[in-house]
Amino acid sequence: MNIEYVFFLLIFPGLLFTGILGLTVGWVDRKVSARFQFRVGPPFLQNFNDFFKLLGKETIIVKEGVHSLFIAAPFIAFAVIVLISTMIGVALFFNKGFGGDLFVIMYLLMVYSVMIILGGSSTGNVYSSIGAAREMKLLLADELAFIFVCMVPVVKADYQLSLEQILNWQSIEGAFIGSVSGVIAFIVGILCIQAKMTLPPFHIPEAETELVEGPFMEYSGPPLAFWKLNHFMLYVVLPFLLVLLFLGGFNLHGLGILWAVLKYFLIVVVMIIIKNTNPRIRIDTALNFFWKYAALLGFIALILAVLGV
Amino acid sequence: MDKTKEFIEAMGDKIYKKIEKKGRLYFEVDNENLHTVVEYLFHKMGCRLSTATAMEMYHGIEVLYHFSHDESGQYFCPRMVMTDLKNPKMKSITPIIKGAEWIEREMCEFWGIEFEGHPRPERLLSREHPQQLDKPLRFRRNS
Amino acid sequence: MEVNVVLIYLAAIPFVIALLNILLPPVMQKILTLLGLIYLLRLTVLLYSGVAENFILFGETVFSVDRLGLFVFTFIQVLSFIIFIFSLQGLDKRIEKKFLILYPMTVSFCNGVVLSEHVFSFLIFWGLSGLALYLFCMLGLTKGTPQTAKKTFILIGGSDAFLILGMVSIWFLKPGSSWSLIDLHIPLTGELSVVAFICLVIAAFAKAGGFPFHTWVPDFSQDAPIESAAFLPASLDKLLGIYLLARIMTQLFEVTVTVNLVIITLGAMTVIFAVMMAMIQHSGRKLLGYHAVSQVGYMIMGVGSGGALAFAGGLFHMINHTIYKSNLFLTLGSVEKQTGTSDLENLGGLGKKMPVTFIMAMIGAFAISGIPPFNGFFSKWMIYQGLLELAGSMSKVQQVWLLVCLILAVFGSALTLASFLKFLHSIYLGKRPAKYDHIKETKPNQWLSTGLLSALCVVFGLFAVSIPLKRLIYPVTMELGYPLPDFLGDYNPQLLFLMFALAFIAGFIIYLFTKNVRYDQNYLGGMPALEKYRVAGTEFYNEIRNMKPLKAIFDAAGKKYFDIYDLGTRFTFSVSGLFQRGHPGQLQLYLLYIMAGVLIFILLVH
Amino acid sequence: MGWYNKRLAKSIWVFHLSASPCNNCDIEILDLLTPKYDLERFGIKLVGSVRHADVILLSGIINQKVAPKVTHLYSQAPKPVFVVGVGTCPAGGCCFNDSYNKVPCREDVIPIDMYIPGCPPKPEAMIEGVVKLVEVLNG
Amino acid sequence: MKKLFIDVPALINSGAAVDQIKCEYLFHRKNNGAFSLLEVAQFASYCRQCTESFCVSACPVEALERQETGTIKRHNMRCVGCKSCVLACPFGTIFPEVINYVTCQCDLCLNQLEQDPDYVPLCVKTAPAQTFAMKELTEEDPQQHIYFSGKHLAIKSPNWRHKEGKS
Amino acid sequence: MNKNTIPVGPFHPLLEEAEYFNLVVDGETVVDIDIDIGWMHRGHEFISEQKTFTQSIYLVERICGICSTSHPLACVHAIEDVDNTEIPLRARYIRTLIGELERIHSHLLWLGLAGHFIGYDTLWMWSWKYREPVLQMFELISGNRNHYNMLRVGGVSRDVDPEKIPGLTDVLDMLDKKLIMIAKAANDDPVLRSRLKGVGVLTHKDALDYCAVGPTSRASGVPADVRKSEDIDAYSLVDFDVIVLENGDVYDKLIVRVLEMLESTKICRQCLEKLKKVKGPILNNVKNISAGEGIGRYEAPRGEVFHYVRTDGTNRPIRHKVRAPSYVNIPTYAASCVGLPIADVLITTASVDPCYCCTERSLKVVNKNKQPYQIDLLKLSREKTERIRRETYGG
């Protein structure tokens, strides 16, 4: 390990970059959603203000709960997301490896949900517990399809697992979105990340009007601030992952920057549109949807990928 | 108006003190006949229970039901008078009409009327009330 | 000659201890057994310095030790030592004495299996280890104990019969060779060899708990004493079963790709079916029992795939599994000892009262669900890569087939995670019933042993390459003729962990600077946190259970339509009452059956 | 704390606490979030859990039954938290002053920092109230 | 039959506040039947029934009306209790206390009397001595200024109707 | 099987009001629902008996802010019923107009909230956006967005200025278009359909058994509508249909409401047309209410509101009983919610469009000996002044 890694992790493309970009994109989300709803929407620095305000609030810890886990969960999740974003970012921007391949990312992404679940249920709150159960079921729902989605680039890259290999393969062969299997997998992928971010219509675990924000119900102050930050950071991490897997990464020379921004925002905007045009579905509907339809699509994509289409 | 006639014909012997107003029929029934009348109104005539109102009068506690015959807009209002002010008791109509549950519970809560045969004789509004209200919560006579 | 003695000691010492234990009072039993186990560990270390030769009796090599055997053997010693630490205190008084007799005896039998090179000694020890299973099960104190013991015995005994059959067939295939089990490499051509192969695989599956011969495992875990559940199905039997499978796949037979695929498919099915069943369990023990099955799937996939990486991964997963699964069983045992129950719906919120146990259980749960950086992830990761590596060289249909199996396996670990979150939630998190307000942390020996296992989980995860792989597993695979595996992806646990720690600290420092803590009750929309407002967690996955096609399957499983034992009994009951009269559940009778069978075979052979 | 107050002023998360109102104030509060008034412009957001609240919008006369819960809820909110009484109800009891079921003194139940009178207050009045709060915070 | 007898001048002279008199009317809490009794008394006999009826023209909401009998009637759904009429009446015959927005009711305790003819209503008990009483009266007594209003009420007060020979 | 209890409330974002249910669940399936009400209980019936009729109207308006015309309407109907008071024709049209506008605003409000509850904030924002013009119409007519105080015994308090009528008609036209748009959007959205169809079914029989009213029962095939069955206001003079659907699920309740809004705009337009022509007083200045009893009904957005008034000849009621629609609709949860997953239960409870304010409006608790709840405001304010004085000047 050398100092370069620390830079990667803490400044770019890790903590600071992802954090700031995430909060900004979170603002874009809120603004565009507001526009959808004929509203003006929040000012630019809104998410930053929210974050810093929360830092100054009291942290309430539930007496009966498991305190250490309750407090640690958001920070573990935070660290994990920073880690993933660094891994993806390093591969995207520097075309290097950062100690993990696609499987590692898939499993680390689960850690985020696990932390939500553990943090939420460590309080013993009923709503949090139900929210946690739903979070887990949602994770199960999208995971199957997501694995299919992740396997498609792996197959297309001739069973290469590491991120930079997948990127390299695409820079030679063209982005995977250029093939039928790539398109299908990409579409399923967008649905999956929608679910992974628990955005509508998959905001089942946090269902504000049912479960009072579910697992986050008991959080307040800095830990809550970090949960919010984590959520917004996913706005960076997951689209980046899709860009990496299907859109051939970023080319940061000249007009390529514009192109890169376009790619990223394409995904984000699609997510926001889906978010704003759908009601929350039930957890069993989500399970059915992902296991029966999305996974089937993923399977078709996989077969096509094996066939080289 | 034929509905009224029909009703009076069928139940005429069970009711008394009939008052007819435009679209209304007020009458008194006894506790024994209450179920028969209510069943006739609810099942035979397809009336809907609008509500029941308890009132304290000088001569006793009075429970006034309002049955609405929606097709004709006719109202049938049986009145039950309980003269025992200390221990008012009457038959519950909840076994016949599920919708009467809350209405009766509320009356029980505030007037202390005991509804015999009520499936859930429990407080409605003041469960967990911080000032454990004593029952019944109704008028007390002066002095 | 002195060197040979080491090998016979390994099996004989624990046996002698067991015999001595019959006479001794419990305290002495414990001391003696502990000393014996330590001595065994010491002898194991000795084996690594290469001192052991074959043990020869009547001119036949009975015991010998190769790298694979040594590897498995090591973990038998380590685990029986650690689990024994757990059993030092807190055993139920009613069964303590018997347990302490059986324990070293089982170690002895298992050692015997692993050390045997000769078919007969292998068969005898294998059968005896199955018997030990039965006896342990009989120690259970629940209502279902006799039934379960019977079931276990029939399944294991039945598979023993298959084993014998397989061995006999092998002898017919290669009559010229000696009774040695090493380096046969029988090609899978001809019906007899296939029969032999199938018979042996069934035996291995039944021992390890692979689908569809797994049904004894959950029942055993439910009814037997929990230490023995951690000891046998979770660790030793896994070791033995997979050991046998590894032998079959590498040394006894030469297998084709199709066979590999079939085995992999069976593995994937094991993973998915068992984990699905685990998800809906209401009893912590059964849940763990089903996981003990489901994890076998990965090992089968790894060991049965035939690729170097996957094979190494399978072996690695085997030891990982023994570590975290016995850890989980033991933590559950601690909980059960404190609260008196392992029913998930009655537990809850113990994390605050038993923090050490909770952390150990959490580590175990993370490890089993393959959360980086724990050991489970590394071995699973190796298996996945191994499979992908294989896929590269297959035909298209086979590729899709393999990929689906792989994806199911990956998904299986998500399901594992799901059921373990339910497990953690129901026991340690959520709302604590008031009756557990005075629960204390467990006794030191118990958390010491779980602590040791958890530490192994972490160490094997973080330093996977440098410690277990390089030192223990690569030598085995090399000896079995595999090349040094070559990773497809990259995963650097130490780096990632350091980076994770850095990021965590960065976040946590912000918290430390801004925190302003107050303690408060649960927030329930203004209601006080009453005891009735709790989610037990057992119904977490009802939606999944009630999903359209799955519901039918689960219902069928609930009616035991997939239980080979149950099917068998049903079948036999319906065919005739003969067999029914034949197995009244008396141990002696079964012993007689086995002995008779063995005798007949010996007579036949000679 | 000036810096912090500015952040707080720009990000007010409100929790809506209805303690036996007539519902109208509540829907007018919700109305504030909708396109015509859109309080999100000021960074104001409605939250479902009192743990996230910066401002509690209290409406209603607080009856005897709900009073302990209101107190409890206030104690569960992370401080600093402000309580704004919306409507005539918390301010003066509206037409319910004769009721037997209302608490004698609302300020004993929950410390109210600010009142926005009106029955119901016009959304504009509520916005003005919120702006005043912001001014106070900005100091 | 006993009648409720009210000695209005004595009540005025006693200086007692009318709302001190308690009432046992069942249906309204805080009901003070004495108000309504006094209102009856005031319009039935105290009022001069002047032809100009300044009170009627003064009322901003047309709540007062001259009946055919010549008496004034206050319509309680219209009156807003502004007491303009009190000011307008040149003879000061309207008691300001009783012209309230919220009207009171006296049922003369008939229900109680039905059960027990010797019943003494609460107002009789709580009013200043002799101003309220249950008395066996059979006919009006103009000498004593005792006039009947309805079957159950007797009022002792100056009566302009009789003085001026109106019927 | 293990049963867990989930508390919903008293303060839960699903309920804009303080309410409390115990959901007994098995996993996520609700097996029993126990409703504890009383959190909003302010004692309206009791207060009303101390107020005059005119004040009562003001008071019952504040039973609930959403249908703040339905209760006063039913209340004046009840008072008028005592003496069979005549109401001027113009007043009748104005009442109908107000009532129907309120229905539109209330249904739009429900639609929005329902959207919010199922996490469809866009629907929420959209329907509330179009609710805003309705509120503005109210502001034009009555001067206030809610709580219009338009009603008097015997008529209405404010006239509709003929000059404003064209403007109002324009708004109605606009609304019609938008309503049809929203209805189409709701109807076409497959996710919404699949989310709501077949959920929380209230069968015809249950609707009858529980005496449910309003859209709740009309979606279950019970064609009860006070506007048709009783000759109130101007409803016999205008042309409109009663919407009845058969399935009783949440989706049907939604459709009933959406279609009703369209009917309402139709009625409103007819009323406005008539208001151009019909001249005359708007208030029959009632003099007295004689002793007697009367009932008043009105089809509020949520169903029949029922008021019963008993009078004794003074200007206040001796008994004022209010039966709000939600009071009979909420108990239907027991029939429609059991066996559903939590997510469905919550939308089903919302589908009744419950108003707890209304449900708990009522009843008197009087204990003349103790009177535990009577607070002497004056005493309080004096004490407070005293306290402040002491704090300020010391001593």
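Note that the chains take the letters A, B, C, D, E and F in the order they are written out, and that residue 1 is the start of every chain.
Convention: a contact is a pair of C-beta atoms (placed from the backbone, for glycine too) under 8 Å apart; a residue touches a chain by one contact, two chains touch by 3 or more.
The structure presented is a predicted model; accordingly, all values stated were derived computationally and were not measured.
Asks: Out of curiosity, which chains are bumping into both subunit C and subunit D?
Replies: The shared contacts of subunit C and subunit D, listed by label, come to A, F.
Asks: Give the chain pair that accounts for the most C-beta pairs in contact.
Replies: Greatest number of C-beta pairs in contact occurs for A-C.
Asks: Using only Cα atoms to place each chain's centre, name the chain farthest from subunit C.
Replies: Farthest by centroid: E.
Asks: Quick one: subunit A and subunit B, Cα centre-to-centre, how many Å?
Replies: 61
Asks: Can you check how far apart subunit A and subunit F are, centre to centre, with Cα atoms defining each centre and the answer in Å?
Replies: That pair's centroid distance is 44 Å.
Asks: Report the inter-chain centroid distance for subunit B and subunit E in whole angstrom, where each centroid is the mean of the CA atoms.
Replies: The separation of the two C-alpha centroids amounts to 38 Å.
Asks: List, in ascending order, every residue of subunit A touching at least 2 other chains.
Replies: 37-39, 56-60, 126-127, 130, 133, 208-209, 212, 217-218, 221, 283-284
Asks: If you look at subunit B, which of its residues touch at least two other chains?
Replies: 125-126, 128-129, 131, 139, 142
Asks: Going through subunit F residue by residue, note those that touch at least 2 other chains and give them in order.
Replies: Where subunit F meets two or more other chains at a single residue, that happens at 4-7, 10-13, 18, 28, 38, 41, 50-51, 124-125, 129, 318-319, 341, 364-366, 368, 372.
Asks: Touching subunit E in the complex: which residues of subunit F?
Replies: Residues 49-54, 153, 285-289, 312-316, 318-319, 366, 368.
Asks: Going by the contact rule at the top, pick out the subunit E residues touching subunit B in the complex.
Replies: Going through subunit E, the ones touching subunit B are 22, 24, 26, 111-112, 122.
Asks: In the complex of these two chains, what residues of subunit C are touching subunit A?
Replies: 348-349, 351-352, 355, 358, 366, 369-372, 377, 381, 384-385, 388-389, 391-392, 396, 399-400, 403-404, 406-407, 410-411, 413-415, 417-418, 421-422, 424-425, 428-432, 488-493, 495-496, 498-504, 506-508, 510-511, 514-525, 529, 533-535, 537, 540-541, 543-544, 546-548
Asks: Which residues of subunit F touch subunit B in their complex?
Replies: Listed in rising order, the residues of subunit F that touch subunit B are 36-38, 41, 84, 206, 208-213, 223-225, 229-231, 295, 297, 304, 306, 308, 310, 318-319, 321, 323, 327-328, 330-331, 360, 362-369, 372.
Asks: Quick one: which bits of subunit E touch subunit F in the complex? Just the residue numbers, please.
Replies: Spelled out, the residues of subunit E in touch with subunit F are 27-30, 36, 62-63, 65, 75-78, 101-105, 107.
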